[in-house]
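Read through the structures below before going on.
In the two complexes below, subunit A is the common chain; its partner is subunit B in one and subunit C in the other.
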Partner chain A sequence: MKCRVIALVGLLLPLAAPQLLSAQAPSPSTARLEGDWVRIDPDGAGSFGGLGASIPPAQLLPGVSAAAGRGGGGRGGGRGGRGGPPVLESTGPNPEGVPYIVVAQPCAGGLGGRSNGALLVNPDSGGVHFVEHKDEVIFAGERGGVRHFYLDGRQHPTPWTPTPAGHSIAKYDGNILVVETVGFTAGAVPGGGVRTPETRLVERFEVAPDGKRLTITYTWDDPKVYQKPHVYRYYFDRSPMLDSAGTPVSYALEEWCDAGDPIEKQSIVPPKQIIK
Partner chain B sequence: MRIRRRVGLVIAGFALVSASVTAHHSFAMFEMDKDVEYRGLVSEWKWQNPHVHFTIDISKGPGIDPKQIGRWDVEGGSINIMTRQGWTRASYKVGDPATVVGHPMKDGSKGISLFYAIRPDGTRLYHDIARPKDDVAK
Partner chain C sequence: MKRLCAFVVSVAALVAMPLAIVATEPSSPQEGKATPDISGFWELNFDGRKVPRANLLPTVTRAKIDARAKADAYAIRWCNLLGLPFVMDPGRPLDIRQGSTAVLIVGENASAPRYLYTSRAKHISDEIFDPSTNGDSIAHWEGDTLVVDTVGFHGEHGIATIPGGGFRTDKSRLVERYRLLKDGALLSVTFTWTDPTVYRSPHTYEYRYHRLPSTYEPRQWLPCDPWDEERGKFLDPPAVTKPAARAIPKGATP
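Then we have the complex of A and B:
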């Protein structure tokens, strides 16, 4: 009798396993999240600051505010650059040949989403890359930063030391990857929002049926911070494949920052003027 | 993970405005809301990370703003980002005529943050993902 049961299980298991796994399996290959993506400006915001300005303003509770501070810089921000203390504004134009130094500590933190100190939470125009596994999705930025979205049923750990990436658990809702993250370091959120280690972020990663467009819907929720959940969306296109000596390639994950390179810190170098 | 705090507090020390598109550094020294067209000849071409740079020489001529005469440093984005917008190592070479639209420096220095270049056929090569409304694919 025992042998019959074992044999029956042995016969049925291969049939049942795909059904069991489908609850956590990545979406069909036609609309897979896997691969390289680049953020786009679908509404013609027209400028770097404009993209940020198009985000609906967060509705904060009375007494909660994102006090001004300019750490992190970034386009539209101060002159602080990526992480690190702000660089003092020069008192006048630089002489010819003297570069404008705009980053105090290049590469600080390797924050792939940078400007608000969170890791790949609000990707900029650098490429991003997803790798879908059965038990986790890896989300990486070409300019640094990796997040792990765990699909294996684990819970958020307690205690947890806040990090720029927080701790993320995920599941598939049809073809949509739904990621819940808590445990961020405190900081700012696009649209004038704020986050604390207790703030909960839900991201929904939805790939269009043709596999070419990705929409990320962000929902920040914290009853001690927000009057109502702060929701906004970012849009991405699949990174174009480019020809490299006859081989199609993508450029995601090929860029890096070398903090020892003085050129990383600089911007405009006023040219020597020979035309009068 | 239940760190209890009284939140009615001011969360300080972080950016109020979280720029959605960043690059390797801040662009606060440019007038990002001002788009200016420059026409000149490419005098230096640096296809390099972290940001592509090239210089253009603007000489006296009809329709040229006298304030633009001189050599200008044009700053673009990383090679990755510009390649996705259609740029290549061979987009320009020294001596090529170039028309660029960019954001001037606040302090009047001869530096430009590139918005886009206008090719001879009138099409645009954008530095990055930002687009004006009149050039968004519908």
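Then we have the complex of A and C:
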């Protein structure tokens, strides 16, 4: 009897071992963060303005003004320009030949530019992508920039020169990637919030058990700015699969923006209307 | 009885061992030792390039090379995405991370990151793929070497001049072989470009990158602002703007 038990344990132990070992792993393959995602409008707000309006208003301390943070790349869920200030947004139909949006300085590399990861603090409609490695998760956007989430145990550097995307360290809480970021340049936060170099952002990246939905919960905290932590959520679905010669695929696009091309300064130009 | 018991245990161990091996087989390169992990921060030093002269077709004239150089200058001037081959030698360290579906290569400038897909063996159909400065890269392991095949390049965008001569076109194919050397302290990458419109024979060169300490902090933000006037004055050759595609009507601007 004893012998049979030993044999049975001998058989089962190696099979159980991977499960024991993987208890510390980031997440099961069905719920991995890795891959391609696109932000969605789960409540049917219908517009970027509507999405922005669905964010609970930040409760700022007396004397703190949201205007103080303008220009910091907090995009508020609104439509992202391609750099530079969007300067004209019409509500009604424009006359023939008049573009809806004119951007004075398209593809600008300054705030909201391609290289600094600021676009990924609160992503807009561009596709986003994650690659998970045991020491670092890279969060990359098709509209430019990457964020580095370090899992290797490093601390936030001191001193640190504030940047539009700040400095991020991360850990897994079960299947949830928890990212702590500090050291932002001053700016605005969706929902009328404000950030300063001392503000702390905690993001929780949670993939649904079926692996199809990603929820990012943002918590901005700064005792010099907020009465209580400012919390809201963004939602993403896996990027739609394309049919590549019979095989479903998705891949990261490169969004092209050529600042030297005048066409980049404007959006759709209404053509001549033919009324029958 | 003792013998029987020993026999049963031995059989159990023999049956269990392969099962255990199958069960613990890594689902991604970094999870096991079956393949190396090339993740890390990598820097190309001044002595890291071994680039022979390319064997160009006679149709690649001086005028074509000059035109390409001018287009490269335009890409720099206007902060375009720069793409391959530039992204592998951007003047700053590369952050390479090996995930379960792709290897990501990230520079510290405005270029798009590279995705080397290990999750598929075929290129995206050219019927649906948007040609890009980095193209479509698929990768697989051959022993200790990561072999990356890239097609789908844009023929005009980015810095297209290739080290050693020639330039990338929409007909170009790049095969790279990534291999760790010196116990992982060095990363060797050999690049082989083929293009029936540019090269008489495949053009191969090698870069060797030094591994930086794992505590390295990539510089987050090297700005490239096409609207910086001082920068524009420095870089502007005459007439680097494209002709106006469509005039913006008067009154549309604020």
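The definition used in the following text is that the second predicted complex is superposed on the first by the 194 of 276 C-alpha atoms of A that agree within 3 Å, B and C clash if a C-alpha of one lies under 4 Å from a C-alpha of the other, contacts with A are read in each partner's own complex, and residues count from 1 in each chain.
As a working rule, contacts are C-beta pairs under 8 Å (C-beta built on N, C-alpha and C of every residue); 3 or more make two chains touch, one makes a residue touch a chain.
Only a predicted model underlies this, so the values are computations on that prediction, with no experimental measurement involved.
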item: Touched partner set for A:243, first subunit B, second subunit C, both or neither; value: second
item: Subunit A residues touched - subunit C or subunit B, whichever exceeds; value: B
item: Which of subunit B and subunit C A:263 touches, first, second, both or neither; value: both
item: Contacts of A:216 with subunit B and subunit C, given as first, second, both or neither; value: neither
item: First, second, both or neither for A:151, with subunit B first and subunit C second; value: neither
item: Partner chain in contact with A:34 - subunit B first, subunit C second, else both or neither; value: second
item: Which of subunit B and subunit C A:207 touches, first, second, both or neither; value: neither
item: Which of subunit B and subunit C A:102 touches, first, second, both or neither; value: both
item: Partner chain in contact with A:187 - subunit B first, subunit C second, else both or neither; value: first
item: Partner chain(s) touched by A:224 [first = subunit B, second = subunit C, both, neither]; value: first
item: Subunit B and subunit C footprints on subunit A, overlapping residues; value: 102, 114-117, 157, 167, 242, 251-252, 254, 257, 263, 265, 269
item: Interfacial residue positions of subunit A with respect to subunit B in the complex; value: 38-52, 55, 61-82, 90, 92-94, 100, 102-103, 106, 114-117, 122, 124-127, 142-143, 156-160, 162, 167, 182-183, 186-192, 194, 196-198, 222, 224-225, 234, 239-240, 242, 251-252, 254-255, 257, 263-265, 267-276
item: Residue ranges of subunit B touching subunit A (in the complex, touch as defined); value: 1-3, 5, 7-29, 32-33, 44, 48-51, 53, 55, 57-59, 69-73, 75, 77-81, 83-84, 105, 107-112, 128-136
item: In the complex, subunit A residues that touch subunit C; value: 2-4, 6-8, 10-15, 17-18, 21, 25, 29, 32, 34-35, 84, 87-88, 97-99, 102, 104-105, 107-110, 113-117, 129-136, 138, 140, 144, 146, 148, 152, 154, 157, 163-165, 167, 242-245, 247, 249, 251-254, 256-263, 265-266, 269
item: List of subunit C residues in touch with subunit A within their complex; value: 1, 4-5, 8-9, 11-13, 15-17, 19-20, 23-24, 27, 30-31, 39, 74, 77-81, 83, 95, 97-104, 106, 108-110, 112-113, 115, 117, 120, 122, 124-125, 127-130, 132-134, 136, 157, 214-215, 217-218, 220-228, 240-242, 244-249, 251-254
